[in-house]
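Each structure below is given as structure tokens.
In what follows, chain A forms one complex with chain B and a second complex with chain C.
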Partner chain A sequence: MEIARKFKNTFSNVPMLGWLLGVLAAVLIEYYWGYDYISYYLGLPKIPVLFGTLIMLKDPMMIPGVIGYDLIVYVIPILLIAKASNFFTNPVAAILEKTPLWLSAIIHLIFFYGVLHLWAGINDYRVLVVKLTMISIILTISINVINGYQGEFSCSHPGFMAIGAYISSIITLYFFVNDKTFGAAVLSPDLGPWLFPFALIAGGIGASLGSLLVAVPSFRTRGDYLAIISLAFMFIIKSAIENLNVIGGARGMGGQPDYAPLPIIFIWTMLCIWVVHNFVTSIMGKALNAVRDDEAASESMTVKTRKTKMTAFMFGAFWAGIAGGLFAHVLAYINPGMFSINRLAEILAMVYFGGLNSIIGSIVGAVSINVLGEALRPLELFKWIIIPLILILVMIFRPYGLISFKEINAKKLLRAKHKREQGA
Partner chain B sequence: MSALLNVNKMTHYFGGLRAVYNYNLNIKPHQITGLIGPNGAGKTTIFNLITGVYTPTEGSITLENKSIKGLETNEIAARGLGRTFQNLALWRHMNVLDHIKMAHYSQLSYGLIGSFFNTSKCREQESRVEENSYRLLELFDIKQHADQIVTNLPYGAQRRVEMARAMATNPKILFLDEPTAGMTPDELGQMIKIIRKVHQDFKVAIFLIEHRMKFVMELCQHIQTLVFGELIAEGPPEEIQNNPEVIEAYLGKEDLT
Partner chain C sequence: MESLIELGQFILQNLINALQRGSFYAVISIGYSMVYGVLMLFNFAHGDIFMVATYIGFGIATLFLALFAGFLPGPLIFLATVVITMFLASWVGVFVEVAGYRPLRSAPRASAAITGLMIGIIFETGILILLGAKRLSFPPLMESISYNVGGIYFTNVKVMIIVISLLLMLALHTFIQKTKWGMAMRAMSYDFLAVPLMGVSINIIAPLTFAVGAGLAAVAGILYGQAYPILDPYMGVIIGWKAFVAAILGGRGSIKGAALAGYLIGFIEIFVATIFPSTLRDLIAYSIILLILTFRPRGFFGMEHSTKLRL
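Coming up: the complex of A and B.
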């Protein structure tokens, strides 16, 4: 405890910019010397992809080497640079503090993206993991709107995702690709990436219209019964797609063009976080919480409860649809089996692990379950024992998830952190 | 002076059970009216019928000469009918400030798109609401609790939050459902003060359900007595106090032998 406190004290004056700079340094070290020198001298076969967990689990003999690698490449440079650079990162952060918040946030995000791009770019596998993690972030935030903020237990999220994935795939395949089911491209494929956002939004709108099938019953019923209705919705969508041979049926649909590179997904993820954050911190959005906590009181306080419930479902489903569309274009293949009970379990695990009623919780949940899932892959079957076990422990000690009922405070996050005056 | 709220021959059945029969009510602006009656007489049902939780089987309800029968509760509330609940109905995960802000819902016009993209219209309206909310918090002496989650407050403060929240909807009539339920005599005195203050500062009419005779007699200018869904007596406090039918309903029949 004492060590943790000291550690916290030492680094309390490092602003966000300093941490980003530290990570940048770590990534540069890995980029230039990671393979040629560091992993070579430590006896590692190649650069550890996800901080070496995969190698460690496959070959326990490598554990010292991996720990050494993580220390040399990540821990020490990040801490050193973050601490050493604060003589100029703090003044820079103070200058940024004086600019409008949106400008400061965008500058930080661009910097963050640059570092992330560099880190992921070292290895194709990392790119895929980062892409899927970001899609999971969108999914988790969107289900948090329904299950957390609105407090309904909805199980239909894979269904919303499937609608978004299929609609956007059909649009891109029909218009921009010479496909065997949909024929020659209608528009020039060059237009594809520019019109792709519209395909995604169409998918999102489709999903939010579909969500009305769950939203309308929610006027009359709650809890377990709504959970069953939403579960039924998910299976209806799945079986409907399985039986529609026009779009591939159970065989699925492939050949989606690669319109979803890392920056595009990053932009969508940030857009999702921003819009959902705006919504849930406004009075309109807090009406979701009011309806969840006491519907009769909300009605008496002039809140339109039906409209609020419908908004929650449609808004959540919209983002699930967007996530589905991105997912389809990352994997370039979808089939109805992907949007079934397994996906549901994964999404629910992410949202309940991370924390209800909190965007930052959703991000933490999505990232940790995804990275954990990838990192424990070598354990095969045991992975499905360890992850649920962690989930159970979280539920016992923190029933609402790791970080619940907390909102992002961008201003506080990005501000300069000056050292407190000694003895003052 | 014309009536603010007028209920005429309201009757309501729950299936075969006659809960309210031939109920009439006439509330004038700036008047405090009390509704008393033994347990199960249908007092809260009358509240729920007027506020639109249930739609009465028969009869008419008009607010400022416009019929509000059959409207949704939120529409009726937005037209100027605020209420508190018998058992506190606060939003348990929300802080005090958000409670008051939430009650301004019908006064916002920026819409969903405004809230998604945090438009200047949205920010302007929200800051106006926040200003007004702080004013209300100060008035009800709960400003020091503004950032606290409402379930952590003492009972008396929770009651005041509920009252402040009802006032934030900008009501013309305030319905109070047993405002002193579960209060100590000390808190009771405070509550009387608060209700007087609301009555004077906001110029609202008040309609309240209450069990404690002292409280009702002290506050109300007009009292109705309800037994088994029917009004048995109506009038100023002194009259009700000495009405034999009311005494009978509360204390039982006097044995004359």
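Coming up: the complex of A and C.
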């Protein structure tokens, strides 16, 4: 406890910019010396992909080497640079603080993306993990709108995702790709990446129209019945796709062009966080909470409960559709089996692990479940005992999830840290 | 005239198949419904309790057949397997209650649902780790004899499954209506706040309910093993979700409703599969369920609960 407080005191005056700089330094060290020197002298076969957990679990003898690698490459540079760069990151952060928030946020995000791009670029596996994690973030935030902010127990998210994935795939395959199912490309393939956002949005709109099938019954019922209605919806979507042989049926559909590189997914994720954050802090978003906490009372306080429920479902489903579209274009193959009970369990695990009614909680949930899933991969089946156990413990000790009912305050997050010390 | 007889034969034939299929759903969905009545929670691990119970039944049946096949009569082995499997499986139910649901008594309902789902995943993975991915086959506990009555084919196994399921439901009905424990359960589902003040502990009634549900699932598991001998760690997911749907369709907490809805789902599945291509089975079954719930949101026998539950 004493150490933790000392640590907090030492680093309390490091602004976000300083941390980013520290991570940049760590990534640069890994980029230039990681393979040639550090992992070589520590006796590691290659650069540890996800902080070495994979190597550690495969070969326990490697544990000291991996810990050394993590210390040399990540922990020490991040802490040192973050602390040492204080003298100029704080003034820079103070200058940024005077600019409009959006500008400061965009500068930070660009910096963050650069660091992430470098880190992920070291190997292809990292790129895939980062891409899928970001898609999971979008998914988790979108289900949090319905299950957290609006307080329903909706199980239909894989269905929404499937609609989005299939609609956007059909559009890109029809217009921009020469393939067997849809024949020659209608438009020039060069236009594809530019028109891809429209395909995604079309998928999102399709998903939100589909969500009306769940939203309308939710006027009369909630809780368990809605859970079943949404579950039935999910199965209906799945078996409907299975029976549509035009789009591949149960065999699935492949060959989606690679329109979703890392920057595109990053932009969509940030857009999702920004839009959903603004939505849930708006009057409309507060109405969701009101309906969740007491439907009758909110109705009497002029909240239109039906409109609110419909908005929540359509909005959540829209982003799930976007996530589905990105997912399809990352994997370049989808089949209806991907959007079933397993996906549902994963999505629910992420949202309830991270925390209801909180965007930052959703991000934490999505990242932890994804990274945990990848890191424990060498354990194979035992992974599916450890992750559920962790989740059960979280449910027992924090029934609403790790970080629930908290919102991000971008201003507070990005501000310079030296002022507070002067005041104190 | 002849086509009319053929139609009658066709309907009766499928009726028997549907009754058999529905029996499983009915017996399992009762387990969901009973837990709901007492705890106001759905036990999402119930499908996997059914799966574990089937594996236990498989172990016991194999053991008994190896030990006593020569000198004990078949029905006695069957009975012993059922009784011992029920006993062991009910401890699985008690374990799920004590480990997964008791710490979450005051937590939001969704958290308990997640815990149930996760316990289910742990069971599936546990079985997979213990027994490997090889598909085991449930040993037949009685010789299958086919009958042909007026062009309708059925086996004694089918008849036994239907009859035992009905007897089981009758026994459960008696237990709930006539015994002291059953009365305590009914009281608990009537008011789970006041009844503990009257000296009936929820920490006894809840495990008992889980145990009874798991015992029913154990019988369903053995019967299922007789009808479809291939065991699979994920069988609980497929059967369990449908039984869960039946429990909701019947009206939450209503045992009668759950049983009826279980049979209904069996009927829908069998008749859809014979009339339409079998790939359409889930599509049509779930569409019918969606329609029913849209127009009758409380299910068949659901009581008028306030919409504001402990969420």
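The rule is simple: the second predicted complex is superposed on the first by the 418 of 424 C-alpha atoms of A that agree within 3 Å, B and C clash if a C-alpha of one lies under 4 Å from a C-alpha of the other, contacts with A are read in each partner's own complex, and residues count from 1 in each chain.
Please note the rule applied: contacts are C-beta pairs under 8 Å (C-beta built on N, C-alpha and C of every residue); 3 or more make two chains touch, one makes a residue touch a chain.
What you see is a predicted model, and the numbers here were worked out from it, not measured in a lab.
Peer 1: Once both complexes are superposed via chain A, do chain B and chain C end up clashing or fitting?
Peer 2: By the criteria stated at the top, chain C and chain B fit after superposition, with no clash.
Peer 1: Considering only touches as defined above, state whether A:N144 meets chain B (first), chain C (second), both or neither.
Peer 2: neither
Peer 1: Could you let me know whether more residues of chain A are touched by chain B or by chain C?
Peer 2: Counting residues of chain A touched by each partner, the higher count goes to C.
Peer 1: Per the contact definition in the header, classify A:V303: touching chain B only (first), chain C only (second), both, or neither.
Peer 2: first
Peer 1: With both complexes superposed on chain A, which partner does A:S169 reach: first (chain B), second (chain C), both or neither?
Peer 2: A:S169 sits against neither chain B nor chain C.
Peer 1: Tell me which partner A:D294 touches in the superposition: chain B (first), chain C (second), both or neither.
Peer 2: both
Peer 1: Which of the two partners, first being chain B and second being chain C, lies in contact with A:N243: first, second, both, or neither?
Peer 2: second
Peer 1: Once the structures are superposed on A, label A:T133 by its partner contacts, choosing first (chain B), second (chain C), both or neither.
Peer 2: In the superposed model, A:T133 contacts neither chain B nor chain C.
Peer 1: Kindly classify A:M284 by the partners it touches after superposition: chain B alone (first), chain C alone (second), both, or neither?
Peer 2: first
Peer 1: For the superposed arrangement, tell me the lowest C-alpha distance between chain B and chain C in Å.
Peer 2: Minimum over all C-alpha pairs of chain B and chain C: 12 Å.
Peer 1: Just which bits of chain A does chain B share with chain C as contact spots?
Peer 2: On chain A, the overlap between the chain B and chain C contacts is residues 294, 296.
Peer 1: Spell out the part of chain C that touches chain A in their complex, as residue ranges.
Peer 2: Those in contact with chain A are residues 36, 42, 100, 103-104, 107-115, 117-119, 121-122, 124-126, 128-129, 237, 241, 244-245, 248-249, 252, 277, 279-283, 286-287, 289-290, 293-294, 297-299, 307-309, 311.
Peer 1: Touching residues of chain A toward chain C in the complex: what are they?
Peer 2: Touching chain C from chain A are residues 147, 151, 153, 213, 216-217, 220-225, 227-229, 231-233, 235-236, 238-240, 242-243, 250, 294-296, 341, 345, 348-349, 352, 356, 381-382, 384-385, 388-389, 391-392, 395-396, 399-400.
Peer 1: Mind pulling up the chain B residues that touch chain A in the complex?
Peer 2: 51, 53, 72-74, 77-78, 82-83, 85, 89-94, 98, 101-106, 108, 110-112, 114-118, 122, 126, 129, 165-166, 168-169
Peer 1: Once bound in the complex, which stretches of chain A touch chain B?
Peer 2: Residue list for chain A touching chain B: 275, 278-279, 282-287, 289-290, 292-294, 296-305, 311, 357, 405.
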